[in-house]
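Some structures to go through are shown next.
One chain, subunit A, links the two complexes that follow: it is found with subunit B in the first and with subunit C in the second.
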Partner chain A sequence: MFTVARRAIVDGISDSKYIFLTALILALFAANGFVFSVSYQDQLDDYRKTVAENYRLMQPACSNLQDLAVFEQSLKKPPSPAAFVADGGRLFLPNVVLLNAFRRWEIIKQHAVNERSPIQQPLDWNFIIGSLVTLLAVLLSYSSVSGEKQSGTLRQVLSNSLPRFRFIIAKYLGLMFCMLLTLGLGITTSLVTINLLGGPPLSSDMLRIIGWAAVFAVLIISFFLLTGLAVSSLTGNSSVALVILLVFWIFAVVIVPGAGKLAAEQIIRVPSDAEVRAEVEAQSAAIAKATPPEATGWTNDPSSPNARRIKQYRDSLRAVGQRIEDEYLHTQISQSMLAQQISSVSPSGLLSDSLQYLCGTGVYGLRKFTDLAEEYRQQLNRFVVERDALDKDSPHLVFGFRTSIYAGAFSSDAVAAASVPRYDGLWTQGGFHGKSYIPLWQLFYLLLLNLNMGLLGVIAFARADIR
Partner chain B sequence: MFIVLLWKEIREHLMTFRFAAALVTITLLIVCSVWFLGEDYQRRLNSYLQASEAAALLEREYVVPSEISPTLFRPPSPLSMFTQGEDRRFGNSIQIKRWEVPREATGNYGTGLLMAAQAPFDLFTIVATVVSLFGILLTYDAISGERERGLLRVQSSYGASRLTLYSAKFLGAAVCLTIPIVLGLTASLVALNFILDIVFTPGEWLAVGGVAFASVLYGTVFVALGLGCSVLVRRSSAAIVLALLVWTITVVVVPSVAQGAAGTLSPLDSQFAISSLERGTEADARKKHEELADKYPAYEFGYWTSSFSIKSERFFKYDSWEQGYRDAESFIRGLELVMQARADTIRQAYRESEARKAEQSETEQLLAVFSPSHHLRHALTSLTSTNYSRYEDYLEAARRYRAELLDNFRRKGYFSDNVLSFFSQRDPEEIDDAKYGERVAYYRSQLESGKRYDEFMGPKFLEPVSASDLPPFEYSFFGMDSGSVIWPLGILAIELALLLATGLAVFQRYDIR
Partner chain C sequence: MIEAIDLTKRYEDGLLAVDHLNLKVEKGVIYCLLGANGAGKTTAINLFLNFIEPTAGTAKINDIDVTKNPLEAKKFVSYVSENVMLYGNFTARQNLDFFTKLGGRGDMSKDDYYDVMRRVGLQEKAFEQRLKNFSKGMRQKLGIAIAITKNAPAILLDEPTSGLDPKAGSEFMDLLRSLKEESKAVLMSTHDIFRAKDIADEVGIMKEGNLVMSKTRDELETWNLEQIYLEYMQT
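After this line comes the complex of A and B, so read on.
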């Protein structure tokens, strides 16, 4: 058995396609480290400047609690230090939330992105492993049984009273060794490049992510190798095995993830922004219609008997707008997550989904970002309410809109800028991306796929005609 | 002899498992993707029509010219059902503002923001990856495989020249690869026409023909590549590996690496610099606005709504219309200069940023020049009017529209030249001090009776804007730029010719034993 495994390793490593593809993969891992390190520094710089400017612009507003409450903050999503593992289409996703203490107003994109360039697969581990390493696994395994059968060596080997299942396991282990060598060298190359170019340090969170990413990569590689062995055993013909495996590979890497997107768009429909606006306007108009005129317009007189009703009216308008826009955002997030879940039927889609989940990028990162932004807004709102409660002269009618100030509605005392909650602090407190972010069901599904394909391979080889 | 050999090649391909796999896979994928994207196009078209209709209704409600801020919608491209390109990625509406030159579109027709951020799954993806892969699979053993089986010697003994033999093998495979593409496209077009009732114009039909041609041309590049590898390497197993490596590099790796490398070699401006400029100039403009407002207090709302009218009680501060008029005129003249200067500063920064982006795109194109999929993308997005330049055309059309709208207003004296017209679109002579006094008295009586401004203002004193104030928005959703189609197709043709010539040159000296 060890002889077979050793021969598989020697054959694999000395194969020209292995050498060439491994060189290509290593070059891509190096490029991944280089491109990430350079862009990460710029992103981090942009992020820090945005945070500082937001804070600087907020300072004058601190002289009046009402100004502070309506001051529109620009919260930026910090760049993920693990984006080299799974970028998640970072440049094409929103990364800035505009909000004040009363509402989230907009979610926008603010990237140094070239709109002229088409959307391409980012050069991350997800792409390199999901596309190229899996292709290498296919090319190494397609002739592992059928090739030996065609050359007649299989018969010779099995005539040495070596049980068939041992032979196939030895083949699998030998090929797996070759693949792990490529993967290990690739990951090391990427990490060394990032380290040399001053990328983010390898914190314990980062090591945890890298470790899990490696586990997923190993399982994906193992699955493609087992598929290659199974198909090679089933067909007994290298040429046919290669065609089948390439069709399988292209389905796994290109077609199923793409089809997942089309299917998700059919299942979950997202309204247009004009429809969303119309819905907000219609519901606001309904509220306005149901409200008596004296309870709508602020008369700068907080002692008026209508003052509280006006606050309630304005609060309802704000709440309805926020609710509809929240629903709109959640529909979009659900649609994207469904697309990823459907794509996860394919191992490459599963890898992409798992790595994004692990790194907090893609739709998962966006969801966390908007959740934290809402948490921050609530903190800010509580802060304004608490400060207002300290002002004995205030009528305590804390309400507001995007920029409008309702004179006299609540305290206009100054607050210390240092005491105002800060969003960047909230992001850091939340840990890297939360400690429980391990894609467990994806892990289980991959293990199951491996087990099934392994069994199929063993059974197929056990019943194969080796003549 | 050529015809005999060609027919033999076609027949042999038609009987193979790979052809059956190619036929089923490519045809089904094309039909499914075009069908789903056809439905998506219809949804977006309906959304566009509804939004345009709502905007037209809103335009009729304009009362004061300064309130005019029409929204211009970008219709979806009907051919986006073949190639999505950038059609769904960018915004589709631009609100024309007096003090802002349009630089990007916002809004969508129901395309989730997050979905638009992912590479689309369309005909381009299918042709670029699946068709090209089958192109290789059809030919990688055309020469080496026949040599291994001894058939090449037999064929050569028929007396056919090597050129004939090579051409027949190439054309046979090319014809077989064309079958699923044409079948898939034909079935899709039939479905679109009869089930979804989508009808194309002659220009669009021409573009659909171009899409089919580009797809076939691209596929044949890989047929030639497979054939070339089959000649270069004597064993079929080595030929497929070589062809797959070239395929992986040119189709999968190069486009991603070129983009990443171009981003590093030609970096863009920091986004912070631009947003900081916007915020900085906004703060500066606000400050100047406040200074003007203090100096000439004849205004109503903030300039952000661009809404100035005599609705305001601020006019009541004046003892005579004359004084109010002069102040308002000075205020508006001053503010126009401030805001226009801000618009120009931001526009200039964007122009510089655009120039750097164009430079980066050129770097990317240079790095990806050997990637056929890069050229296919350019050809298909140009043919289907879903490329970035169509989006740029839309932005440019919106900028022209704004300039024309402002020209119209200036011609009619709606701005500084004639503050009264700007306010109410009435002749200045109509409002003299006596009438001003009457109006003020009327406002006061209404306000004292407990009414709000919006309840007693409006058509009574303000006439609606005439339809001729709004110029037509001239932008067509379909506008194929032949130059941007011919260039990538030309490169694909050159790549094909080079591959065929190299393969043939090697085959001329090929040892057929």
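After this line comes the complex of A and C, so read on.
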């Protein structure tokens, strides 16, 4: 078996397609390291600038609790130090939440344009492995059995006392060695480039992510190799095998991942902004209709009995607005997650989903970002309410609007800026995710795909006609 | 050593390629199987190598049933095809090393390979050349070298001399004689009546899957093999 595996290695690494594509893959891994290092530093600077600016603007608001409560903070999603593995379409996702202690008001995109980077599209491991490395696996394996059958060497080999399953396993191991060589060199190139250009350090979290990403990469490569071996055994003709495998590759890498988004849009409909606004207005009107007129009005006297009813009415309006917008956001996230899950039918989609899950990027990062932003808003709200409770002179009518407050509704005491909860501290707790995320079902599914395709390959070759 | 007992092969499309073939090739005997294209010679060899399974009957190598125990049986047989196909990006010595190891021998040195290649008549300069530019004759010689290094007691040859020039063909026959002297049992399918007559200890003629005639060298002394062959082909 070792003899056949060694032969497959020599065959593989001396193949011009292997040499060319490996060189291209290594160049892309180097470019990945370069682009990431440059853009990560810019994003980090931009993030730190936003945090500092936010803090600076908050200082004057701390002189009055009412001002602090309505002070609109701009929370920015920190850049992921693992985005070089899976960028997750960063530029297409919102990364800033505008909120005050009462409500999250907006989620917007505010990306720093990287002037120094020649490439704005993600050039991450996910793209390189999911497309080019898998293509290399297809091109290495399509003729591994059929080519030997057509040239006649297979008859010469199998005239010896070599079980067929050992032959196909040896072929697989030999080709896998070639692929791992490319992958290993590529990953090393990327990491060395990032290190040389002053990218984020290789922390234990980062090493864990890189390790798991490598595991997923190996499984995806293995799947494409096994598919190549199975098709090569089934067809017995290199040209036919190549056509079938290229069609499969196009489906797996291009069509199915794209179709996932289209299918998800049909299954989960996300309303337009205008529809959301109309819904908020309709629900607000219904609340107004059900509220006594004196509670929907206004009073400049916080001690008036109507003031408390007005507060309840305003709180209800804010709550319904927040609920509808939360639903809108969750629908958007659910649609994106469904798109990824549908795309995960294809191995490349599965790789993309797994790596984004692992790195906390893409829709997983967005979900975490918005969840944490809401958690932070609630912290801030509790802070304001608790501080107000300490003020004996306050009427404790804590409520407000986006930029203004019901004057005199609650305490106007000053608070120490250092005591105000900070969002940036919340995000950095517990590494990238706050807890360890390993995409287990994706791992199980990939193992299952490998097992099935491996069995198909062995059975196909065992039954192959080698006359 | 090489034995077929009522060996029969009918393909899925109904074609009866080999019909109750009975033959036996003992040690030190060269058996030539003659026949036109499609007579069933290659199918018979495929059955001995377990490349296909028989519909009925038994193929034996060294008294081992090839169908029941193919891997054990293949330890005792070497195979040289019509066009010995080896790896073009390997040198002659690397190919020899690869197939020798596949044959179960890992004890041969570079010098041992050189000795075998000298014995089969390959030129020294070809030893470390890639096979891409080898002529058919050179490939056939290397095929025999592989059979020699495997040192199996039975050798199957499927039309090994077809397409060889007279000199290469003659050299190939000399190699077969030397194998016979080493007590190998050789079963060779061929179209070449003259070479068969020249080298064979026994000759069989196949037609439409049947072994229609089988004669020993002594019997052939008094018969005109060419005449017999043509008669069988015409009937």
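Criterion: the second predicted complex is superposed on the first by the 456 of 467 C-alpha atoms of A that agree within 3 Å, B and C clash if a C-alpha of one lies under 4 Å from a C-alpha of the other, contacts with A are read in each partner's own complex, and residues count from 1 in each chain.
The rule we apply is simple: a contact is a pair of C-beta atoms (placed from the backbone, for glycine too) under 8 Å apart; a residue touches a chain by one contact, two chains touch by 3 or more.
As the structure is a prediction and not an experimental result, all values here were calculated from the model.
After superposition onto subunit A, the partners subunit B and subunit C occupy separate space and fit alongside each other.
Comparing subunit B with subunit C, the partner in contact with more residues of subunit A is B. By the touch criterion defined above, A:46 reaches subunit B but does not reach subunit C.
When both complexes are overlaid on chain A, the residue A:143 reaches subunit B alone and has no touch with subunit C. By the touch criterion defined above, A:156 reaches subunit C but does not reach subunit B. In the superposed model, the vertex angle subunit B-subunit A-subunit C (Cα centres) comes to 100 degrees (nearest 10).
In the superposition on chain A, A:28 contacts subunit B only, with no contact to subunit C.
In the overlay built on the shared chain, the residue A:7 is in contact with subunit C alone; subunit B does not reach it.
After overlaying the two complexes on the shared chain, residue contacts for A:16 are found with subunit B alone; subunit C is out of touch. By the touch criterion stated above, A:444 is placed in contact with neither subunit B nor subunit C. Fitting both structures onto chain A leaves subunit B and subunit C with a minimum C-alpha separation of 13 Å.
Shared contact residues on subunit A (touching subunit B in one structure, subunit C in the other): none found. Note for the complex: subunit A touches subunit C at residues 3-4, 7, 10-11, 14, 151-153, 155-163, 465-467.
Of all residues in subunit B, only 17-18, 21, 25, 29, 32-33, 36-37, 39-40, 43, 47, 50-51, 54, 85-86, 89-90, 93, 106-121, 125, 129-130, 133, 137, 141, 236-238, 240-241, 244-245, 248-249, 252-253, 255-257, 259-264, 267-272, 275-276, 279, 357-358, 360-361, 364, 377, 381, 388, 391, 452 touch subunit A in the complex they form. The part of subunit C that touches subunit A in the complex is made up of residues 46, 49, 51-52, 71-72, 74-75, 77-79, 81, 83-87, 89-90, 98-99, 101-104, 143, 146, 150, 156.
Residues 16-17, 20-21, 24, 28, 31, 34-35, 38-39, 42, 45-46, 49-50, 53, 57, 74, 89, 92-94, 107, 110-123, 127, 131-132, 135, 139, 143, 147, 238-240, 242-243, 246-247, 250, 254-255, 257-259, 261-262, 264-266, 269-275, 278, 293, 297, 331-333, 335-336, 339, 363, 366 of subunit A touch subunit B in their complex.
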